[in-house]
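Structures are listed in the sections that come next.
Shared chain: subunit A. Partners: subunit B in the first complex, subunit C in the second.
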Partner chain A sequence: MDQNRQGARASYVALAIFVALWVLLPSAVRRLNREAFAEFQAPALHLLGKSRDMATFWEKKSRSTEEMAAAGRDLARINAALEIKLNAMDDVRRENVRLREITRYVVPAEYMSVVARVATRDSSSWWQRIVIRKGRNDGIRPGAPVVFGNNVVGRVTAVHLTTSEVDLVTSPGFRCTAYLEGDEQNRIALVNGVAANSLGTAKSRVSVIPHDYTPPAGQPARVFTTGMGGVFPSRLLLGYLDGGTYSTPVGNFKESLLIPSRDLYNLQEVSVLVPLHQNPGEALMQGDQFQ
Partner chain B sequence: MGWAWLILALATYPWLLGADLASDVFASSSLTLFVSGACLIAPSRRLRRWQAVLFAAFLGFLFEARRPVPDGTVALVLVASVIFLSSNRQLLRNTPGMLRAAVIVNILACLCWYLGAAFLAPVVAVDPFGQFCLQMLVAGLLGVVVLLPVALTQNAAMDRLGVPPAPETP
Partner chain C sequence: MKEPNDMRVLPSTPVGRLRLYGVFAFFLAGFLYVAGGLAYRQLVQAGDLKEQSDTQSQRVVLRPPARGRIYDRNGFALVDSRARWSVKADLAALQKEFRSEYLRLIAAEKARDAVQIDRERLMEVARVRVLQGWLNKVWFVIDETNRSAKLSRPTSKVVPVTAPGERQISLEQLRRHLRERRALPFTLVSDLAFPGANQAQTPEEGSRSVARFIEQFPVEGPIRLESDNIRTYPYGALASHVLGYVKDTDQLPENVNDISDVRIEALQKLHYTGKTGAAGVELTYNHVLSGQTGWELWTKTSSGYNQTRLKHSEAAQGSNVILSLDYRIQQATEAGLAKIKDPQGKLLPAAAVMLDVRTGEILALASQPTFDPNRLADRVSSAYYDEVDKSGAWLNRATQGLYSPGSTFKVITAIAGMRKKVVDWDDVLECGAFFKVGNRDFPEHEPVGFGDVDVDKMLAISCNVWNYQVGLRTGIEALSAEARRFGLDSPLLNTVSDVESGGLPMTELPFAASRGLVVPDREYKLRIKAGPWNDGDTANLSIGQGYLLTTPLHMACFAASLARGETRTTPSIIHDARRDGRHQGAEPIGLSKAQLDAIHGGMVRCVEEGTARVARIPGLPYAGKTGTTEYFQKGEKAHLAWMIGYAPADNPVVAFAVLVEGQLDTNTWGGKTAGPVAKEMLEAWAATADSSSQPKPKADPAR
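What follows is the complex of A and B.
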């Protein structure tokens, strides 16, 4: 019994020494440790995602031939309509390039789009994240914006070899500038995630809304990215203002809540927009403070 | 057997993955299902102390790896818990004792990561008490629900590894 007590005391002393060492260790060691454990879990996450895909595949395969033929016919019609739109867009693009050349307009950042499947979703009061099945091997870098169509999903916060973690728009760590629909002067508002306090769907907060701003009547006001800061391209849809706006305690500005434009927890696939050239914001995000 | 803790950790991993999957399902409710604390109880009865410590650290680091929790928070809490449990094995002699330990350790570790994550978060919650209580309640419930199946899996793995059974009168 005495031996047991002595052993326990020695273990507590060893733990205290380890805690002290752990605190004093360079952050690179802790990051390496974190990375090793994240990589350990990566194959299981891939397996999980692939089994989900397989289930979806067999579910679709079990559909009747008539149903598939109808879906194929619908797709052919949509394709035909899109082809016409594509030609029109090509004309617009050429015109755009010509005008930019005339006005010597600074070309906005260009992005490489990497399509990735969602492996898991994870959320608590303090984080709302998804893990995607693409990582450093696929060219993804921390800080890259993540979108679905024209809708902002979030931003890449951590990149591993074959997986990446994405902070959603509603996550407390998310922040970006925005334009509000109906504001003719294009004044800038701020969007940042808030800590979730209830079982309901997480939302973001839109702050610094000008006092004289009035949302368009009859429909929720849309909130777009500004393209400033170099992280998100401009005019992507962040979401909609939830109900009305209300004055801040100081009273200089108004605030509102933001409903994300998509159900972020039902996404199966997203696109990561990796900037072709590293921007200053991205370089900052790769610093030690980022984690 | 020196590597028993690692093999046991691999045998326990499907349960942790299952908890992650369940968290995925409840993601829209901002709930994380945490079971790492409950997974410590059976190994604390049978493994040697140093093996149990390594096992606890492994589980803790696994949880932290993909979440914005301060490095080492969960691992160190689990290690401290496992040192206490393996030094007081009489507390784990029967099923009610194990259930009590599972609930307490799971809630304690959950409390630590919740507060740690709050410390790192760049925003302040307006009214965090409700969600905090809910998260603790879920952790406690999971400690009760998950303990027996996890302990069965772990005991089967330890039997195969030749780990001596827990003494009746520690």
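What follows is the complex of A and C.
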């Protein structure tokens, strides 16, 4: 009996000592510990992502020949359609090159694109953060925009050696400026994620919409990046206005919910646009490490 | 081991028992005292104590509402609100940083063996340093020109000021905030797009600064981005005398939204800074534009910071006001006035008004020099205030400027003469080079005179001698009565009923002239102790000079009344499509058709071949009358240039008046100086009347 009591007391004492040590530890040691845990966790995340890829591979492999033939036909049609678009694009590209030559305009290569597979979604904020299988070793830096095609997925918030965490457009930690389709004056609105209730759907909100803005009739208005903030390239698609705009009770502005441009739940692969030159915001995201 | 019956619970002796009962009684009394006190406080004093507790632990934060917009008659926003993005620091969230910095400063003081440490001051310095560190970070992100600055550490030195804007936090600034607005976040940059009211920054550059902060500054943390409204005047100085401007107010508003269930009178209120109209429509229709103030009820921490929001009510935006102005005519009017300069290139003081003849709605009202209300919308620099003050731009010359109408008054002399039957439309008077009144020769403006002159010719050539003769025959009583009948000395009131104007209450025009108007007569001259009235005074009055004082708006109303064949026009600055064209106090002029035709014909000839021929518009015949009158400036004579009229000649739709204050060294004449402005106004009106050129408004005012 006494031994049990002594054992319990020792456990409590050990816990108290551990807590006290954790509280008193220098922040650098704690940060190192956190980093170490992320690196320790990384192989498991890699394995998880790869096993999901493997499962998808075998699931596709088990399809019948008829299904594969039908998929091949569909693919051929899509390819044909894309080829026509590609030809049209060639004309536009040639015209673009011609105009640049006339104006002697030098296009800066501002971003390096790093393609990354999605390893997992952070269980603590489902829908709003993903982990990708590329990290510092691949040149990814915090703050870099993450896209899929021409669609904004989110933004890198933390970078580890071989993995990176990405805040999705629906994350409360995501914020960027936007142009609204149909606004001829190109006034900037604000897009930011909204904290979801438990079991609720994560959302994004577009606010500070000018009072006299009217969405184009017949289709949801598209919301684009402005390219003015130095993080996102311009004219990337953030999403669509959800049905309309609503006046806020105060202010001459309106707001609306944003339907993200990609189905964030089904993302398998994304591109990270790493800026070739560090912007000051990156330094702030890394803490007080800049001058 | 003792037996139970040996246990002595109570003392066996009476003295012992007495002592014990005494102790019991003492504790019982104490308990009853405490319980009674508790009951008294809980049951009797509960209300008062709760109020005291609330007063000490809660506060009301008032939220000023957005003001309504002001549109022109076509739906163009003349006054709007733009997004103002400000960067604020949450002081409660910075407590740890303040403390760390404070301890660092204390350690530094101890290290240098300071004899006496002023801890209170060190705490203030610590706060300023921490905030300055964050402000440096903000500038580091948004300002590309300042990238080389050393930043980040709260203890770092202050960034040198390299561009206009709010870059340094002073001790006094922080003290004021903690004294007056402790519960609110501390403002680091009040307007990201135009920091430090830097008007030199283009809107595009401003948007870039805002975007850079939004995308690059961390979302989490003690630094917040807030957006609110700031009054903006998209067309700058256009119609600034009509629109007015806003100013800060510390007065608690009366119209606080739905606050009956919160006893705010008992609570500490946050220092309130809202906006209120300071001049023009912004002032007169302030009650319509200002909306309802919202509020939030907060508990506060022992340090005085906000803790939990208990209740709130959103502010409600003010209603919109639709003015009768047409911004295109207004632009043309101001552009026309801006061409009138003295030989040194300085703008001459001037005013111009255009009215809708039928309704009296003001289509354009301009006064020169002017001011930019954008520069008065937030903090007004003393330099700009002095600049406006020195230029005389605060005065709305169209409505507050008091001038002799000069020869434009000859129309009234003619009407008075014909109504008194001392002259008729076809009577011809001999008009020489001068006319003798008493011992004095009153001159004609043409050295050889005009010979035979009738009403029609008199108006075309602006003959003085005809008016001296008719004025003396009519007499001062009839002459001044006629001027009063046209309301030249009556304050102009906006008498649109609140129902007809869409809920706007009946009120004065935001700039009505109500003092100093003079239509002189015998009593007036005696009242000002200038001696008895004489014929010379009547002769002077007959050509619109002497003691007569009125405003350009009054003369425009007179022109509109004349165009309708009536005596009064009620001008309005509020647009209402349902106006029926009735005017308060209006009656027919009381002349025959032939007499009215003679006046009308003379005014048309004035434009076609007379004194206003410089302002002739091919394809748009209209009626006009010029005037050039003398006034004294710094003891020397200078000229006022006038032109009034209405257009088109056959079916008048608009009436106008233009006035220019000539200077000592300028050559200023009615037709030559004021005429071109009238021409530009009418051409602009003609262009807007062509429906094919109507631009689409950017906003629907009804929304």
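The rule is short, and it goes like this: the second predicted complex is superposed on the first by the 206 of 291 C-alpha atoms of A that agree within 3 Å, B and C clash if a C-alpha of one lies under 4 Å from a C-alpha of the other, contacts with A are read in each partner's own complex, and residues count from 1 in each chain.
Throughout what follows, a residue touches a chain if its C-beta (ideal position, glycine included) is under 8 Å from a C-beta of that chain, and two chains touch if they have at least 3 such contacts.
Worth saying up front: this structure is predicted, and the values here are computed from it rather than measured.
Once chain A of one complex is fitted onto chain A of the other, the partner contacts of A:Asn4 are limited to subunit B, with no touch recorded for subunit C. In the superposition on chain A, contact is made by A:Arg30 with subunit B only, not with subunit C.
In the superposed pair of complexes, A:Cys176 makes contact with subunit C only, with no contact to subunit B.
In the superposition on chain A, A:Ser261 makes contact with neither subunit B nor subunit C. Once the two complexes are overlaid on the shared chain, A:Ser164 sits clear of subunit B and of subunit C alike. More residues of subunit A are in touch with B than with the other of subunit B and subunit C. Look at A:Asn192: by the touch rule set out above, it reaches both subunit B and subunit C.
By the touch criterion defined above, A:Ser204 lies against neither subunit B nor subunit C after alignment on the C-alpha atoms of chain A.
When the shared chain is aligned, subunit C comes close enough to touch A:Met228, but subunit B does not. Put simply, subunit A uses residues 172-173, 192, 291 to touch subunit B in one complex and subunit C in the other.
Per the touch definition, subunit A reaches subunit C in the complex via residues 143, 172-177, 187-188, 190, 192, 207-208, 211-212, 226, 228-232, 249-253, 279-282, 284-285, 288, 290-291. Residues 4-5, 7-8, 11-12, 15, 18-19, 22, 30, 33-35, 37-38, 40-41, 44, 48, 120-129, 131, 157-158, 165, 172-173, 192-202, 263, 265, 291 of subunit A are the ones that touch subunit B when the two sit in their complex. Only residues 13, 17, 20-21, 23-24, 27-32, 49, 53, 61-62, 64-68, 71-72, 76, 79-80, 83-84, 86-87, 114, 117-118, 120-128, 130-132, 134-135 of subunit B touch subunit A when the two sit together in their complex.
Across the interface of their complex, subunit A is touched by residues 63, 65-66, 69, 77, 80-81, 83, 137, 140-141, 147, 150-153, 207-208, 210-220, 227-229, 294, 314-317, 698-700, 703 of subunit C.
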